[in-house]
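The structures considered in this document are given below.
First chain A sits with chain B, and in the next complex the same chain sits with chain C.
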Partner chain A sequence: MLRFLAVRFGRALLTVALVVTFAFVVLRLSGDPATLILGPEVPPEAIRAFRESWGLDEPLWRQYFSYFGAIASGDLGNSMRDGRPALELVADRIPATLALTVPALLLKIGIGIPAGVYAAMHRGGPIDRTVMLVAVAGFTVPSFVLGLVLVMVFSVQLGWLPSGGRDTWLHAVLPIVTMGVGGAAILARFTRSAMIEVLGQPYIRTASAKGVPWGAVIRGHALPNAAIPTVTIVGFMVGSLIAGAVVVESVFSWPGVGRLLVVAVSNRDLAVVQTILLLVAATMVTANLIVDLLYGALDPRMRRGAGQGAH
Partner chain B sequence: MALAEASAPRPGLARPPLGILLALLWIALMLFLAVFGDFVAPQEFTAMDLMARLSPPFTEGHWLGTDELGRDVLSRLIASIRVSLIIAFGATLISAALGTTLGFLAAHFRGWVEQAVLMLADFQAAMPFLILALAVLAFFGNDLTLLVLLMGLYGWERYARIARGLAISAGAQGYASAVRQLGGTPRRVYLRHILPNIASTLIVSMTLVFPEVILLESGLSFLGLGVQPPMTSLGNMVGYGREYITRAPWILLSPAVVIVLTTLAVSSLGDWLRDRLDPTTR
Partner chain C sequence: MTPLVAISGLSVSFDGAAALHGVDLSLAPGEALGLVGESGSGKSVTWLAALGLLPPHAAVSGSVRLEGAEILGAPASTLDRLRGGRVAMIFQDPASSLNPVLTIGKQIGEALALHRGLDGRARMAEAKRLLDLVGMPDSARRLSAYPHELSGGQNQRAMIAMALAGRPDLLIADEPTTALDVTIQAQILELLASLRKETGMALVLISHDLGVVAETCDRVAVMYAGRIVEEAPALALFEAPRHPYAEGLIGALPLLDGPRRRLTAIPGTVPDPREAPPGCAFAPRCPKAASACAGAVPALTEVGPARRAACFFPLRSTPSRAERKVTA
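Here is the complex of A and B:
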């Protein structure tokens, strides 16, 4: 078990290091932020001073290592636009994003998993067909289209809900529904197929053949086994609590991390983009780590098998 | 596995169900528009008609209406379909080629090469692609070639895993080692013998990745960070149409419908092909 944990933890750190490298390579090599921020007509001395203060004129490998060092000490640089620490700027936006993504996650789990389980147990029935239809729609309708259609219906036509901004809790309804519906559909599809797969296994037949009541077979044998693939998807959704809101926040002008990312990217605000990338990676890695631990709890084979095959 | 046993015997080459026929019809229409769009479009997609700004659909000469600058929505839609499909096709091919190559390399060399490929695949699967793409795109600027290349990184890890797994198991089978012992180079073994044998699985994966690429591109373009004006793409049109959602909803509705129907058609075709062709699905 200890080895299992160590391997997982090592991998998580490696992923973070890869993201840091990726961020560094892409963001530093792609262009010259100095001219972009200051504009082409600025005197060269000003550009030189700017580059110096941002460390942009040092050799790349030096920038790379000092970047790692800076991150380790919690310094993620300042926003190039207003000079505030990037970490602070991003941290300010996190509550707004979580105010959307956490309820959306609850909505996904609360609808998706029961719908998937029910559909699998009544395969081919009207509910199953409906769930599958909605699940396919949830995959093929992109969130910005769904969001805009909801705006058209509930804001423009009916005038019940605001179409954007963040003043009252009513403003959160449409973004949460937009995110929740698509995710619930995906989760329902996964849960359904995991459940169907499990229900076809010999141990289910054995359990019901030896006289265990059907409800107990479902609770005691089918659900725990179907939980394993489902946990993976839920883990991915938890991991994208920060990243999952980019498009929806933009549709509804919600001042969260996703909106900040889009703005920062169009302004080439390196420090902010890097900070968000790292934040996303950190949540993703943490969620994966938790999923791995849950695997260990759900499936005793994982603990003995020292971590391989847990994909 | 139990599912395959329970399902009815394969109906051979029976006619595909109605839904699939409709999907094929829609895909054919989209392909036709992508190839011959210039001849079919009623107008130049950038042509402005300032006398007929924001005319509703079914106006004489503008069957899907016009936008704020009086540009014909149908013509813009056709141009957008073209751009979006070219990007999605290009990206899917690049990603399949890249992933398959890496998968084969991993299967051939094993050892650290394999570990490196698998690690990259894990990394790619773990990071939300939109975030990576956003970072790369905006910082390298918005260029169509770059956009296609970037989208071409989407989903490579799936092909790589499939190609690696299947190539390893093919390497243990008679035909591959027979060619090898006859003196075939590794390249010949992989490209002429193993690739045709695993092609159906790869093609199925392509039809499943393709709609995701369309969604990704339209999402990026919607955010204003993908295809740039004066060029237009489906996501672009939706993003532009959002400004006129109260006054002229038709600007965004028609591209939105095309996005949804195309992803729906391609992914149901993919699901159907997978059930039919792919020997590895359970």
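Here is the complex of A and C:
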């Protein structure tokens, strides 16, 4: 178990390092922060001075190593725009993003999983077809389109809810719903197919044959098995809690991490972009690690690693 | 004597395609009945339908009485009490018939809780006793094992222990040995036979293997394309089959003693239920088919003491056949 954890943790660190490297290289190849931040009209001396002060005049490999050295000592650099530490800047925005993504995640799980289970239990019937129709619509419509439609209906036409900003809790309703609907649709489809697969297994018939009432067959025999594939998708959703709201935050002018990322990328505010990407990679990798551990808890066949079971 | 189970006119169709055409079958208390036939002949469907275990899109009609009480279409609560209680069923592939995420002890314990109201330590003690009864080695440790940690034979023993948990009057074993090695097959069959002797329960052994049935059962019903085509005491059937299909099945078995001979195969395959011929379903494959066979379905009628066959031209017994001894 300890070895398993050590290997997984090592792999997780490697993944994060790769993401950071990729971000570092792409950002530096895709444009010059000096001209973007200072504007095109500044004299060349100012640009040179800016580059020197941020170390941008050094060769790329030296910048890369000093950057990694700094990360290792906990320094993620400062924003080129206002000089504040990038980590502080990003950390300031995290609560706003979580205020959207956490309720949205609960909405996805709260609607998606029961809808999928219910549809699977009534496979082929009108309920199943309705759920699946809504689910297909839910995940084929991009979130910015759905967001704009919701704004048109609930803000412009009905005037019930604000269309953007973050002043009251009412402002959070539309962005949360926008994110929740798409995710619930994806989760409903996955849960449904996992559940249908499980309900067709011989052990479900065995449970019925020994007199287990149908409700208990679903709860005690089908759900624990269907949970295994479903956890993967939920894990992915947990992993995108920090960065999953880029589009929706932009549509609803929500001052979260996603909007900060958009602004920082267009300004080539290197330290900020890299900090956000590092954070995203870290959450994603952590979520994956938790999913791996959950597999072991949910499925005894995974506990001793592959190749040791009877099958 | 009231039969333990009396099935009459049991018909099943899946989306319009008939899988069973009015099956009549009865079973005395403590009796061992073999049900043989090719895949798709309706052996398993008969008992899954009787216990209400078919998927909801299956249309089931007819009557199934358990000691006189109708159970076909009975409310779910009645069926739940009966399934695993008075009538238990075990299946072909024990590895996939046990829930992979629950321990053996938990799965046996569930049946004990449902049908015997046992809980806590008493439940686990009884589960262990049942595992001992079915010859599970190292039973105490096996209680906390998962199905993937056991062999096929051990899993089938666990399935049987689970089936015995409700002290059933009838155990339906649906191809219990098909997925197992030959040596394990023999052990499981022996176990079923000895358990029947000890507990006095009736046994229905569903198999496509005549040898398996011959060893274990008192009486045999042969099914073909959703109908029973012959029913007879086991020995009498093997000595002198009256239906050409039963004769074909027996002709395909090798003899352990006696002269070497070429095994005969039944030409053709079981008809698709959607394209079943209007008359006798076996007629297209039958060496003795006449024009009458294509016109109407022969009824299952008395052809001797305790023997029934559904054929317009039932076979006469021949001396050479009577000498034959069938062995697995």
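Some notes on this structure:
FYI, the second predicted complex is superposed on the first by the 303 of 311 C-alpha atoms of A that agree within 3 Å, B and C clash if a C-alpha of one lies under 4 Å from a C-alpha of the other, contacts with A are read in each partner's own complex, and residues count from 1 in each chain.
Here is the rule we use: contacts are C-beta pairs under 8 Å (C-beta built on N, C-alpha and C of every residue); 3 or more make two chains touch, one makes a residue touch a chain.
Quick caveat: nothing in here was measured; it's all calculated off a predicted structure.
In this overlay on chain A, chain B fits alongside chain C without clashing. Once the two complexes are overlaid on the shared chain, A:299 sits against chain C while remaining clear of chain B. Residue contacts after overlaying the shared chain place A:212 against chain C, while chain B stays out of touching range.
Between chain B and chain C, an angle of 80 degrees opens at the CA centre of chain A in the superposed model, to the nearest 10. Contacts of A:247 after superposition on the shared chain: chain B is touched, whereas chain C is not. In the superposition on chain A, contact of A:221 is made with chain C only, not with chain B. Of the two partner chains, chain B is the only one that A:145 touches; chain C does not reach it.
Once the two structures are superposed, chain B and chain C can be ranked by residues of chain A touched, with B on top.
In the superposition on chain A, contact is made by A:14 with chain B only, not with chain C. Once the two complexes are laid over each other on the shared chain, residue contacts for A:201 go to chain B and to chain C alike.
Our summary of the superposed model lists a minimum C-alpha distance of 9 Å between chain B and chain C.
Counting contacts as defined above, chain A residues 201-202 meet chain B in one complex and chain C in the other. In the complex of the two chains, the chain C residues touching chain A come out as 48, 51, 53, 57, 76-77, 79-85, 88-89, 91-93, 95-102, 110-111, 114-115, 146, 148-151, 159, 162-163, 165-166.
Every residue of chain A that touches chain B in the complex is listed here, in rising order: 11, 14-15, 18-19, 22-23, 26-27, 30-31, 136-137, 139-145, 148-149, 151-152, 156, 163, 196-197, 200-202, 239-240, 243-244, 246-247, 250-251, 261-262, 265-266, 268, 270, 273, 276-277, 280-281, 284-285, 288. By the touch criterion given at the top, residues 1-3, 6, 119, 122-123, 126-128, 130-132, 134-141, 211, 215, 218-219, 222-225, 235, 238-239, 242, 245-246, 249, 252, 256, 259-260, 263-264, 267-268, 282 of chain B touch chain A in their complex. Across the interface of their complex, chain C is touched by residues 124, 201-203, 205-214, 220-221, 224-225, 298-301, 309-311 of chain A.
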